[in-house]
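Heads up, the next two complexes both have chain A, just with different partners, chain B and then chain C.
After this line comes the complex of A and B, so read on.
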């Protein structure tokens, strides 16, 4: 019996090893022999860019914060001093920092609570068309201009806006007024209260919480939940002891986005909210109209330090153990 | 005899897919019960019906006499060893084993003591502080076993428990599981597509095909007297004879099976039929000898088993085949 393949083999034997064909083949051979080389070549340019531009500007920023401004001339004095840092810790500036951090924490918490069911549904139940719809729904807000969205929200939340109108329509004006009458977070209208700022932040950053959460939940095998139930756990027990810990890296990743994006934003609190300033606004004004670049630099260092502390705590809590 | 699990005309359909279709089945207490069948035959779905992860679309499931149809998994005193083990990666081995006791609110000290005992039972003393990720496949399997057994389940379910282990480990675990079941007296129900595993471990075997239960019996019954052609084919290593060949070999024109061990190789003309050796396969304990017999076109060769010690005939040589009357077993053609 001789198959066509066997005949071909018996005829002109094909060569066993092929000679390299041009420079491409030689390069391929080199990369096979040294797998690290290709990775290094791919990663070097962006790494270089990061090191010079990003870390470089960061260092410059840090350096600036150790200069000070001359109160009379308004000129930056390039002598090393801690005067600017002392100014950063004045009660008025500490107030700004505290306000910003509290807002960032509230936004993060709200986003986590709101995002979890959505991410859970998308990861566990949505298939095919529903999944596409989920991605579309989550991403769509990211495709329109950020400014347009924020102004739209101002209109929605304004005293004469949609929320007021809708509340009247369903006879919930009393509820809305009660909410606005709340101390601190309430105000004249939603668009001039902390509550309004929080709502807009929440809306704008929510996708950044949902997507990593969904990715993390997707990686939790369905059998984990079944194993918990099999061993007698209720839904709530399974959620707390199995799903949440396994999804925690995703929650932390999402919270890093929402927290740091809120810490640095200077547009939303400008358009929606009270007249009290946030870190981003302070930096914007200090380096612009006020011309106090050293203090602006010191302010800009604050979110970085806060994020480093935050990551440390997250790590201590074991957020990255399941990675 | 108490019945641990009873299926009464149970079906589970997924749309048009009849994963389980009208199954009647009784699993006696203390049995080591195997559900055997090819992939997609509905074994896992049956197991999930017992554990409560699936609800029947029709029929009744009773566990120790009680209707369990609508009872959720966490309210059944039945535990599962999952195919992929499903150990919690963020917990230590100790915490994994304690989990079932923890969710039931058992105090810390009792929990630790019982988990320790269980780890001892599966020969994993001292592995408590490790993470599942640091264990080998066989060790994970034992942790999964301990995690299920610590709850003292009335029925233990195992889905392809040895599927992920290599051959040597699998054989060791087969013996160990068997010994464990014997010692604890708990009803074990396990799913496998490996007939060797089912026959060697179980005391009762249920053979599934396309969502239906085809035959239940002791391993010897299923092996010696397959009810249908499907069972004979799947349980394997037997001669499955089409009606024309069965008639040629002296039986009625009906599907039949003939075990190779029952076929003796004799001198040409001295047996019931003559033929020519077409293939030999050495199996250690003996040699499988395939003999082409003159007969209907396209009929498979008849396989005989020549035990070691008796030199097998050479390939191509003419031989005669002989067997006792009772060895030819008739069955349904499905």
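After this line comes the complex of A and C, so read on.
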């Protein structure tokens, strides 16, 4: 490397056409000679972010799960042990895992059934101003505070809340009571039952199902439907054999959101529900209140494993083909 | 060489003494400017909830220590926060204080530096939940019972006298079952409430302390809690959500702190509370000083303030608790009166079984079920197992 003074002397000695080069020019030249370098420089920060912040913290988490906790003082003992993992598979903890996965599956199923007609209408029938209104309608709940919505639902579903009141008003109390009398999902009131937890989950995560579904439905070409009609397919047949398979990746993409979001949530089941723990709550309680970071870490690995399996199945079904 | 000649026991004793000597300060220096407290909800009031309940503003003005409060809903939460660090003092109950001492998260307090120490209740000066081997790990803060709160409209002129309304299925005076209309505390220490109930109703189990249970006694307590799970629609964790449930969910009865009873009554909700025949568990809280507290001088000033100011009297009115300085009941330093103290159970000190951490090596019998099993089993019970 030559100093600027050396460059200036060289310039004085030899007649050149170009003005002396600055640092920027030299850098450009370097990148021109080695194109890979620029790419590496551009990719490095996000890659570092991903490796250190995302994967690094995950690795730290995994490591924590191999520690154990001193049972009296509640201090973490940093010695390698599988004790914590054995504890994770105790019946009470398996209950928590099963409960959470079942709820996530139920929410996903409910969201898919509820979102499909909405997304279908928006994608294939709504036009112009209606479409704008639809987007607003779907997105609007996402703009208000999540906590406010959940607390509002607690009051809506309360025993002396608006749902009970409305049911009494239209003479449907018997129906509501019959629903609440159902085993497992029922309870004393909607706000203290699994049914209520499910309803609130459904409400909060529904937009995440509608939007990818609608995007997938919009990509179904009209020409294919015309072709189906030309070949004599009924509307139902066209729906079953053309629209549904083509929209499936969107449904699965949406289900990844609803499933993983339900899997990790710890606020909704604490405010609305039976007090029985979900994975998120277990992590929160073990980490935040019991100080049992190792078991919390082991618990936190569970949704990751479940989601990896889920994503694998989703890939098989073509959810990422449009990416 | 010398150390080798000493027995291990002496070495440890010396080490402890050395540590104690190092940790305790000998005089209170210049205040650091702030104080970070971990406290129960409603414990540190600065007049923001209700203007007349304020025991922080004057302290801040006089000492120059800005008070920052982090509230915790269970003792486990408190221990976890103290383990994390970054706090100076904590209002630890008996089921947290010994764990904090064992975990070396708190340091001995030199009570000679607290001028009002001699005014502290004689019943508390040497209490085993914060005095270990004669060393004081804090100063008492406040104590009180866990009462049974009930809806006066449901119970009418037959107020409950037993905890059975939250443990056994029964028809309440309003003609409906208690199923789904009672609550229980969601902290594992609630196992002790079940054990206390059994102490009275099944004497053949031979329970002498609800915090010291052998396997059979523990199993009986868990069975009672499983039965209670059938009645409880939601366990209470957050004091304010419990209050909401008494307003909107038609709750009939629940174990609770006098704090919620007072606030609900102030809100016009028809509730009252009682200490049932089986007795009550209770809490006796201690202001403890973090082992690595950064604001030690402010902490000592605060400890003096907790004993000397209007805090003891006004907090006991606000929370429905009892002052640790008996004079606060009568000397008019705050709103508390002698009648008020009697109502809050000041004379029932001996009837209350204070929260204590259950340990394996217990005093009353050979081996007891330790706390960590209470934690995991109670999660299981709430989950319906």
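Here is the rule we go by: the second predicted complex is superposed on the first by the 270 of 323 C-alpha atoms of A that agree within 3 Å, B and C clash if a C-alpha of one lies under 4 Å from a C-alpha of the other, contacts with A are read in each partner's own complex, and residues count from 1 in each chain.
In this section, a residue touches a chain if its C-beta (ideal position, glycine included) is under 8 Å from a C-beta of that chain, and two chains touch if they have at least 3 such contacts.
Quick caveat, the model's predicted, so the values are computed rather than measured.
J.: Have a look at where A:237 lands relative to chain B and chain C in the superposition and call it first, second, both or neither.
T.: Only chain B; A:237 stays clear of chain C.
J.: For A:159, is the partner it touches chain B (first), chain C (second), both, or none of the two (neither)?
T.: Second partner only.
J.: Regarding the shared-chain residue A:188, is it in contact with chain B (first), chain C (second), both, or neither?
T.: second
J.: Which partner chains sit in contact with A:245 here, chain B, chain C, both or neither? Use first/second/both/neither.
T.: first
J.: Determine, for the superposed model, which of the two partners chain B and chain C contacts more residues of chain A.
T.: C
J.: Please identify the positions on chain A that touch both chain B and chain C, taking each partner from its own complex.
T.: none
J.: Which of the residues in chain A end up touching chain B in this complex?
T.: Residues 221, 223-224, 226-234, 237, 241-242, 245-246, 318, 321-322 of chain A touch chain B in their complex.
J.: Provide the residue numbers of chain C that touch chain A in the complex, in ascending order.
T.: Those residues of chain C that touch chain A are 72-74, 76-77, 79-80, 83, 99, 102-104, 179-181, 186, 232-235, 237, 241, 244, 247-250, 357, 359-360, 370-372, 375-377, 379-380, 382-385.
J.: Which residues of chain A touch chain C in their complex?
T.: 69-75, 87, 90-92, 95-96, 99, 154-155, 158-161, 187-189, 191-192, 270-271, 273-277, 282, 285, 287-291
J.: Once bound in the complex, which stretches of chain B touch chain A?
T.: Listed in rising order, the residues of chain B that touch chain A are 51-53, 72-74, 78-80, 82-84, 86-90, 99-100, 102-104, 147-148, 151.
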